[in-house]
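Two complexes, one shared chain (chain A), two partners (chain B, chain C).
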Partner chain A sequence: MAAVKTYYQERLRISAIWNSAGIYIAFIVFSVVVLLPIYWMLRSAFAVQADLTQTPLVYLPSPTLHNFEMLIDQVPFVEYTRNSIVFSVGTTVTTLIVSYLAAYAFARLRIRGSGILLWVFLLTMALPDVGTIVPLYRILSRFNLLDTITGLTIVLSSTLTPFTVWVLVAFIKQVPYEIEEAAIIDGASLPTILWRILLPLTAPGLVTMGVINFINAWNNLLYPLSFSVTPASKTLSVSITEVFAGFSPWGRPWELIMAVGVTMVIPITLLILVSQRAIVRGLTGGAVK
Partner chain B sequence: MTSTLENNAVARRKMTLRLPSKATRRRYLLFVLLVSPAFVLRLATAVYPIVQTILYSFRNYSLLKGTNEFVGLENYANLANNYGVRGALSFTIIYVVASTILGLIVGLLIAQLLNANFKGRTFARTINLIPWAIPTIVAGYAFRWLLDDQFGLIPYWFTELTGQRMVVFIDPTYARLTVILVHVWKDAPFMAVVFLAGMQGIPLDLYEAARVDGANAWQRFWHITMPLVAPLVITMGLFRLVWSLASFDLVFGLTSGGPGVATSVLALQIFREGILFFKFGFASAISGVLLLLVAVIGLVGLRLYRRFDVTY
Partner chain C sequence: MPTSSKFKITRREFLRRAGSAAAGAALAANAPGVVAAARDAKPFGVPHIRQNRKVRIAVGGWAEQNMLDLLERTDFSGQTGIDVEVVLRTDTKETEITKIVGAVQAGTSPYDIIDFEDELTTTLSQANYMLGLDDILPSDLWDDFSPEMVAYSKVWSMHNDETFRVIHNWEMPIWWYRKDWFDERGVAVPTTWDEVAAMGEVFTDEANGVWATEDGLIKGAFLNVYLAWITLQAGGNPFDVGEPYKVALEYIYDLMHTHKTLNPASLQKDYNQQNGDYVADRVAFMRQWPFFGDFARSAENEEWFHEDKVAIGLPPVGPGGIGGSTYPAAWGFGIIKTSPNLEEAKELLSFLVSTEVAVEAMKVGFWFLNARKSVLAEAPQDNWLVQQLQMYTDAGVIGVRPFHPQFVEALTILEDNASAFLTNQMSLDDTLNQTRAQLDDLE
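Right, the complex of A and B next:
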C-alpha cells in the first residue's frame, strides 16, 4: 500500500515539475512575442538613422533625442500633440457625461419599453463607423465642423457612447437602490441624486470607462484622417501617417516614424500601468456576469 | 409576495387606464430628458448617416465630377467589375474570419496562461494589455519596420539562421498571412482578458471533482472550461468580426493594402474612394456591401448564440 502511494506521489511530483516548466516556457514565449515590437520601436526612436541602416544590426544604439528635435523642427509636432490631448480629454468627458445620464435612466427609471430601447441603442454599435464617413463628411462641413476638434469630438463621443452606457448601466445597478430612495424621501432633486449621491458610488465605473475611452480617442485614426485637413485639428495618429508618407533619399524615415509611435505609446503604457485593474473591470464589465 | 405584486400591478393598471399619474408622467419626462443627448448623438452621427449611405449608393454622387443623379444599381454593378473592390472583398472575408478564429484560439491559450499560478503572473497580465492599448496604426508601422527586408529584426534573424532572404511584403500570400498574424497579436490579448474573467467565475470545485475522477488537464479544459466559456467565445467572436470588418488601421499601416491590392480591405476602399477621391456614390455602395456582411454575421451569430447559451 505504502509503495503504491509513494509511486503515485512521485508521478504527481514529476507531472507538477513538467507542468510548471511548461508554464514558464509559455510565459517566456508570450513575453517575447508581446514585447519584441515594443523593443524595436524604442530602439529605433532613440537612435540616429545611421545606426538603423547597417548590418550586422545594432541592438542597443547609443540613445539620443535627435529624432524628437527633428519632429518639432519639421512638422507641427507640438500642435499635433496638443490636438491629440484636447481631442482625447474632450471625447472622454463628453462620452462620460452623456452616457452617465442615459445609463441612469436605463438602470433606474423603468418605463414601458425601456428594455427594448436600450437594446436598440446598443445595436447601433454594430453600424460600421467607416460606412458613415461619407455622409458625416457632408454633415460636418454643413455645420462648419470639418477640420475642427469639436467636430471630431462629437463624432467619436457618439461612437463610444453605446458601450459606455452598457457598462455604466451594470455599475449603477450594483448600487443598492435604498440609498437613493432615502434621498428621494428626504426631498433630494435629481441633480443632487446624480451628482452628490450616485456619482461617488459609481466612481470606479466612471474611472474605468474614462480610461478606456481616453485610450480609444487617443488611438483613433479614422475620424481625424477623414475629417482633418490642416494642423488645426490633425492628431498624432494622422501625423504618423504623414511622416511615413514623407520619403527621404535614404528611404523611409523609420527613426522619425518610430519616434511619433513612441510619443503615442508612452502615455498609454503609463495609463495601463496605473489602472490595469480598472481597465480589466471595464472590458469585462459588459460581457461577464 | 407574488400576489401582492400582482395586486399592485392590477391596481396600477386600473389607475393608468384613465390618465397616467403625475409621478408616472414625471418619470417618463425624466427618462426622455436623460436619454435624449445620447439618442440625438447616435441618430445624428450613426443612424442618419447610415441611411444616407444607403441612399447615396443608388446615386452617381461624385464631388469631383459634380454628378448626383439616381442611377439605380449601377454602382453595385460597377463594384463587381472593380479590380480593387473585388480583391478587397475576398481578402476582407478571409482576413476577418481567419484572424477572429485564430484570435479566439490564441486568446483562450493566453487566458489559460494568465489564469495559472506562477511567479510573474502580474507582470504577464500587465504586459498583456499593451497590444490592446497601443494605437493600431502604430502597431502596423512597428511590425512593418520589424519585418523590413533590409534592416528588420525578424528577416535578419531568419537570414542568420537559414542563409535565405525573407521578403514578406512582396509576396501576396506572405503579406496576407502577416496581416492576419499581426491582427491576432493586437486582438488576442483583449479576448484573453474577457476569457480570463469568465474562467475566474467558474467554481473551482468543478475542477477538483474532475481531478478526483482522473480527468487530465486537457479533459478538464475541454469538458469544464470550454462549455462554460463558450457563450463568451461566441459573443467575442461576433463582436470582433463586426469590428474587424469596419476597421482599416492595421492594413493602412502594415501594408497599405499591397502588394497591389492583395491585402486591401473593404473599409480601406471606402476610405479611398469616398474621402480621397470623393466618389461618394461608389464608396457608399461598398458600404452597402459591408452592411450586408454585418447583417449576415448578426443572423448567423444569433443562431449560434441560441445553441450555445448555457447558464452556470
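Right, the complex of A and C next:
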C-alpha cells in the first residue's frame, strides 16, 4: 500500500515538475518574443549608424544620445510632443464623456431599436479607416478644421466611440438598477447618480478604455498624416515619416526612426505601469456577471 | 443618500440636455473655423477683394533649410508680395499619396507646390492630380537643359506630352572604387562587364568577408535599381522582359555565383548596410547614389576617410554601349491641380525654375544641382559631385531611367521573380515567363 502511495506521489511530483517547466518555457518564449523587438529598438536608438550595419552584429553598442539630438534638430520635436499630448488627452476625454453618456442610455433606457442601433455602432468599426479619409477631409475642410488639433480630436473620437460605448454598456449593465432606484428614492438627481454612484462602480472600465483610447490616439498615424500639414497640428508619429539620413532622400535613418519609437513608447509604458491594476480589473470586470 | 442637487430632472431630459451641451461644445470648438469661414465668405454681388497672397510649398526635411535660404536670397516675397510657407512633406511615395489623395478628392490640397520624385510624378500625373505646366514655363527652359535631361524629362516628367514637373535635382548611381586597393594590386578599374567579372579573382576573400563588389539589393525598390541599371547597360528596359533583361539576369547570377565578384548577401542588404560594408573595408568597388559621398565624408567616418578610398570612375560599359552605362533619378517641382492658391503657385514655380534662380539654388545647396547648362557653368569645379556630374555628362554615359507606366506595381513583380532566380529557387526561363505573364496582367 505504501509502495502504491509512493508511486502515485512520485507520479504527481513529476507531473507537477513538467507542468511548471511547461509554464516557465512558455513564459520564456513569450518574454523573448515580446522583449526582443523592444531590445532591438533600444539598441538601435542609442547606437550610431555604423553600429547598426556592422557584421558580425554588435549586440551592445556604446550608448549615445546623438540620435535624439539629431531628431530634435530635424523635426520640431517640442511642438510635435505637445500636439501628441493634447491630441491624445483630448481624444481620450472626449471619447469617454460621449461614450459614457451613450452607454448609459443604451444600458438603462428602453428605446425601440436600441439593440439594433448598438449593433450598427459596432458595424462602423468594420469600416477601414482609410476609406473614410475623403469624406472626413471634406467635412474638416468645410468647417475650417484641417490642420488643427481640434479637428483631429473630433475625427479620432468619433472612430473610438463605438467600441468604447460597447464596452461601457456591459459595465453599466452590471451595476444593479436597484442601487439607482435607492438613490432616486433618497432624492438623488441623474447627474448625482452618474457622478457619485455609477462612476465609482464602473471606474475600472473607464480607466481601461481611457488607457486603450490614449494608446490609440498616441500611436495614430493615419489621421495626423492625412489632415495635418504644419507643425501646428502634426504629432510625434508623423515624425517617423519626416526624419532623413544625411541630406538626401536615399538612405533610411533607422537609428532616428528607432529614437522616435523610444520617445513614443516611454509615456505609454509609464501610463500602463501606473494604471496596471485598474486595467486588469477593467478587462476582467465586464466579462462576468 | 445625500442629495447634492435641488432640482430634479428625468434621465431622458438629462440626456437631451447633455446632448445639447455636447453639440454646443463642438460648435464652440469650431468657433474659430466658423468665424474664419464667415470672414472669408463672399456675399453675392460684392466684388472679391484680394487678401494677403500666399503659397505653400512642401519639400523633404533634407531640403527645408535650402529652400528657406533660397527664398530669402532671391527675395521672392519682396518682389511679388506673395508670402511663401515651406512645410515638410513625408519621405515616401506611399505616405505622400495617402496625404494627397484624400485632399485632392475633397477638392483641395495640403500644399500648392510639391517637390517630388519620379515614382510620385508618374502616379499623380496619370491620376490627373497635377497641373500641366507648359503654359507657365520660361521659354528658354528646355534650351538650358542638357540633352540627357530633356530626354529624361520627356519620360519621367511628362504625361501625354504635357509637362507636370520641372526637375532640379538630378543624380545618378556613381561607380565608386578603392583607388588605394587597385593601386596596391596594380590593376585598372574595370570598364567593361568582362573586366568587372574578373575582379572577383582579384579582390574577393570570402573567408574574411571581403568582396570585389556589393550592392543593396533587398526587395522593396532596392533590387529594382540594380536590375534596371544592369539591363540598361545590356541595352534594354527590364519591364520589357526581352533579351537584354535575360542577359542582365544571367550576368548578375554569374557575378554572384560563378565569378564570386558580387556578394550574394547583397540580396539581404539595403543601402545603409552597403555603405557600412564599404567603409568597413569589405568592398573594392560599387554602384551607389551620390549620398554615399556625404556619408563617407561625414564626421562618423573621419578616421577612415581618404580621397583614394572614394575615387569615382565611369561606370562599366555593357553590351548596350556606353550611352546607357548609368541612369539618373530626379526630383522636381509641380503644382497640385486643386491647389487653393493656384495663381500664386504658378508664379512661384515659374520663378524657381527660371535660369537665374536655378543657378542661385545650386549655390544654396547641392540638392538643386543638375545638368542644366547654366547651373553646371556656375557650379564650383573643385567639388567632387560637380566633377562627377561633368565627367558623366561629357562622357555621354547617362541613359534614361527605365520606365513603366505602373512603375511601383511592375517593380514588385520584377523583384519577386528576379530574387527567386538569383537565390536558385527558379530557373531563368520560368522567371522570365512568370515575370512576363504577371506584367501582362497589370495592363
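To be clear about the criterion, the second predicted complex is superposed on the first by the 231 of 289 C-alpha atoms of A that agree within 3 Å, B and C clash if a C-alpha of one lies under 4 Å from a C-alpha of the other, contacts with A are read in each partner's own complex, and residues count from 1 in each chain.
FYI, a contact is a pair of C-beta atoms (placed from the backbone, for glycine too) under 8 Å apart; a residue touches a chain by one contact, two chains touch by 3 or more.
In this text the structure is predicted, and so the values were computed from the model without any measurement.
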Partner chain(s) touched by A:Ala278 [first = chain B, second = chain C, both, neither]: neither
Touching partner for A:Ala217 - first (chain B), second (chain C), both, neither: neither
Greater residue coverage of chain A in the superposed arrangement, chain B or chain C: B
First (chain B), second (chain C), both or neither touched by A:Trp250: second
First (chain B), second (chain C), both or neither touched by A:Asn144: second
Contacts of A:Ala47 with chain B and chain C, given as first, second, both or neither: neither
Contacts of A:Pro191 with chain B and chain C, given as first, second, both or neither: second
First, second, both or neither for A:Val169, with chain B first and chain C second: neither
Touched partner set for A:Thr161, first chain B, second chain C, both or neither: first
Contacts of A:Val34 with chain B and chain C, given as first, second, both or neither: first
Common ground on chain A, meaning residues reached by chain C in one complex and by chain B in the other: 52-55, 97-98, 101, 104-105, 109, 130, 133-134, 136-138, 154, 190, 222, 225-226, 241, 244, 254
Touch list for chain A against partner chain B, complex: 19-20, 23-24, 26-27, 30-31, 33-38, 40-41, 44, 52-55, 57, 97-99, 101-102, 104-106, 109, 111, 114, 117, 121, 124, 126-139, 154-155, 157-159, 161-162, 165, 190, 215, 218-219, 221-222, 225-226, 237, 240-241, 244, 254, 257-258, 260-261, 264-265, 268-269, 271-273, 276, 279-280, 283-284, 287-289
Complex contact set, residues of chain B against chain A: 27-28, 30-31, 34-35, 37-39, 41-42, 44-50, 52-53, 56, 109-110, 113, 116, 118, 120, 123-131, 133-139, 141-143, 145-146, 148, 150-151, 153, 156, 185, 189-190, 193-194, 197-198, 201, 217, 232, 235-236, 242, 245-249, 252-253, 267, 270-271, 274-275, 280, 283-284, 287, 290-291, 294, 298
Parts of chain C lying in touch with chain A, wherever the complex brings them together: 1-5, 7-12, 14-15, 18-19, 22, 26, 29-30, 32-34, 36-37, 56, 58, 60-63, 85, 87-88, 90-92, 95, 98-99, 101-103, 105-108, 110-111, 117, 209, 270-273, 275-277, 279-280, 289-291, 294-295, 298, 300-301, 331, 365, 367
Sites on chain A touched by chain C in the complex: 48-50, 52-55, 74-75, 97-98, 101, 104-105, 108-109, 130, 133-134, 136-138, 141, 143-148, 150, 154, 182-183, 185-192, 196, 222, 225-226, 229-230, 238, 241-252, 254
